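Here chain A shows up in two complexes: once beside chain B, once beside chain C.
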Partner chain A sequence: MFKGKAKEALICFSNPRVTLKYPFEPQEPPDGFRGRISVDVEKCIGCGGCANVCPSRLIRFYDDGDVTRMEFILDRCTYCGRCADVCPEDAITMTKEFETATDDLEDLYIIQELYMGTCNRCGRCFETDNWIDKIPTRRNREGRNFVGPAMPHVQPIKEVAK
Partner chain B sequence: MHSTGYCQALEKAAQIEVPPRARFIRTIILELERIHSHLLWLGIAGHIIGFDTVLMQVWRIREPVMWLAEQITGNRKLYGMNIVGGVRRDIPKELHPKIIEVMDKVEKETIAVLNAVVDDTTLRMRLEGVGVVPNKDAIALAILGPSARGSGVAVDVRVDHPYAAYAEVGVNVVVETGEDIWARTVVRIKETLESVRIVRDALAMMPEGPIEAKIDEPIPPGLVACSSVEAPRGETHHFVITSDEPRPYRWKARAPTFQNLQAVPLSIMEETIADVPITVGSFDPCFSCTERVEAVDVRTGELKVYTKRELEQLSRAKTKLLRGE
Partner chain C sequence: MFRKLCLKAFPKALWVYHANCGACNGCDIEIINVLTPYYDAERFGIKLVGSPRHADVILVTGGVTRQVAPALRRLYEATPDPKLVMAIGSCACGGDMWFDSYNIWGGADKVVPVDYYVPGCPPRPEAILYAVAVALGMAPKKVGKKVQRDFPEFEEPESKFMKSA
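Moving on, here comes the complex of A and B:
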């Protein structure tokens, strides 16, 4: 009886207080921590890759004429970070923010609108402005080899010119 | 752990080969999860019988494992580590000394706890000869994991159907023949030490290379596969039928708690209500905080519902009684 108790007492006394002073002292999570999502609308090209991979399907894109509306309803977020992984423009990042408890559900909504560029030739909306801005440098990207602010039409441009 | 099961089922269905490094990383993450899960259980078991020193000390030992997981994967739990065809994050070289350091510390302290509780007569009075599941009933009820291994049934998916890197690393299955709660406790503590060994070996044997298989084409629809993973509580099975959409047509997971709970009526037979919490708890069930017991007096037909708090008080009172306080 006493042998066991003596060993237990030794374990207890050889380890002083380990409790952290949180929340009175802030706690910084390690690098690579997956906290609340942050979306940089300046970088977003509206490709919708994040909506495609989100396991809880909380990212939605709506095409509505000259604007594309994107909604992040973060109350279902599992903080897996797949959206940040697949984002080609690094517009989505996982911050270190982990104190996300709130009494207002709308604090967990990120709703952004992306303006769509109109085609110089037919006047219809076809891509987000952010994407068109990048075309001169990124035009050789797979499947996106059109040039300048016009959408790829059925007939090649040269034939029309004839 | 569930994500590994699901990814393995899909990889089996679509015949995707996972790179060796990814398999080793999966093994390390699975074993880290087992270490913290078994330590968590040991703490809760101590709490149920009113031995809160165990709770405090064991959870202190467990905490560095959680921090380590946070550093490797980006979260304490819900690691988000698996993807079909591999893993999402590498374990960089810089983290290896840190992992070894934490493992050494966990091993040293777990051995100290094991030595201390083995000599603790109060603890053994509460746990020995209580919640007995005889060997033949354990086989008949097909209980799994540490609960079965405490009754002398050597079932372990890691050995029976090796997955991830377990074939390379090897697993020494811990089997105790005590058949009672004490045996299950000892199995869990010794398995923690075995997991520490596996993490160390896996880290040393981890080959270089890619961590993700290249998948060029979508997974075809109509493929069927089943995969098994040894979770801390027992074996978990995942069944998948693929579809032409980017999500499965059917998916079914069977977790071990359901199977293990079948042994509860048998093990609480002829015991006092004060022994019910620790007996049910010894199977490491996940109840989502609905712990309560309905007791019917067979002579009067009277029904009494014991809440979690009442059960805990009864259980703790019994420990005091045994200690003669």
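Moving on, here comes the complex of A and C:
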């Protein structure tokens, strides 16, 4: 019995403190942690893929003349990371920023405005400038994590002929 | 003078009352985690109490359901002044992905005035501790509204909606 007590005392003395010193010292979250999203306005082409897949529907797009206005209202963000997965230009990335406590909900908004061309036929916005600059920086289609072919309902012509 | 004394003594020992208003239990587990010796919120004088009449702070988790909204309202009125309301988790901040459901009010701020928001699904225990530190004035706010453009500032582009209207 005494032996057990001595062992217990040894454990207690070898680990004198377990409490984190967190609010006074910074704490790094583990790898793969999904925190607040960050949007790179230079890479974004305004395709709207993130708004399509967002389960909370917090990403909104407004076409206003030559300017597309995007609103990321992150108060109800689930941090699922689907917008970062689907982004073709890797403009949206998940940061490790978790200290997002605030007393004003507007602190969580990201508002972004893109200058885009206007289509003569349909009148909607599209990205015009820098397309040729962007081609070499794009990754190959094979390297991306596509779930399936882009249009699975369209059969190849040969199979239909058989 | 008594009121000033009360306000000065208020942040010394915050007693919290935890109200689950339709949460999935994720945020509740994180709140209990903050009170354990590892994160140890009790060193700031924070203590969980069983009645809103003893509490200074109400922690609201979950995007307030229609059935629990009157109870939350009554709970807020039962808490003595001065009081703080903290919305823990994305559900309490804005309703998460159920923000437009028929049975969810979509956020604690639709029912009671909220002082601090802690988004996250669920928020890390550190994030809740950080919110406590912000509320006590020990740490500054780190987030801010971001407005970013990929074109230089020039006069407002002409709006097509304004023309037609």
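Here is the rule we go by: the second predicted complex is superposed on the first by the 101 of 162 C-alpha atoms of A that agree within 3 Å, B and C clash if a C-alpha of one lies under 4 Å from a C-alpha of the other, contacts with A are read in each partner's own complex, and residues count from 1 in each chain.
The rule we apply is simple: a residue touches a chain if its C-beta (ideal position, glycine included) is under 8 Å from a C-beta of that chain, and two chains touch if they have at least 3 such contacts.
Everything quoted here is computed from the prediction, not taken from an experiment.
Enquirer: Considering only the touch criterion stated at the top, classify A:39 as touching first (chain B), second (chain C), both, or neither.
Expert: Touch status of A:39: second partner only.
Enquirer: Considering only touches as defined above, state whether A:61 meets chain B (first), chain C (second), both or neither.
Expert: neither
Enquirer: Looking at the overlay, what does A:18 touch: chain B (first), chain C (second), both, or neither?
Expert: A:18 sits against chain B and chain C alike.
Enquirer: With the two structures laid over each other on chain A, which partner does A:94 touch: chain B (first), chain C (second), both, or neither?
Expert: first
Enquirer: Name the contact category of A:78: first (chain B only), second (chain C only), both, or neither.
Expert: The answer is both, since A:78 touches chain B and chain C.
Enquirer: Contacts for A:30 in the overlay, against chain B (first) and chain C (second): which applies, first, second, both or neither?
Expert: First partner only.
Enquirer: Tell me the contact category for A:7 with respect to chain B and chain C: first, second, both or neither.
Expert: Only chain B is touched by A:7; chain C is not.
Enquirer: Of chain B and chain C, which one contacts the greater number of residues in chain A?
Expert: C
Enquirer: Would you check which partner chain A:52 touches, where first means chain B only, second means chain C only, and both and neither mean what they say?
Expert: In the superposition, A:52 touches chain B alone.
Enquirer: Under the contact definition given at the top, report the residues of chain A touching chain B in one complex and chain C in the other.
Expert: 18, 29, 78-79
Enquirer: Mind listing the chain A positions that touch chain B in their complex?
Expert: 1, 3-5, 7-8, 10-12, 15, 18, 29-30, 32-34, 52, 78-82, 85, 94
Enquirer: Help me check something: in the complex, which residues belonging to chain C touch chain A?
Expert: 37-40, 43, 90-91, 93-97, 99, 107, 109, 115-121, 123-124, 126-134, 138-139, 141-151, 157-161
Enquirer: Tell me, which parts of chain B touch chain A in their complex?
Expert: Within the complex, chain B touches chain A at residues 53, 57, 60, 63, 67, 70-71, 74-75, 78, 80, 88-89, 109, 112-113, 115-123, 246.
Enquirer: For a test of understanding, state which residues of chain A touch chain C in their complex under the given definition.
Expert: 18-20, 22-23, 27, 29, 36, 39, 41-42, 44, 55-58, 64-67, 73-79, 97-103, 105-115
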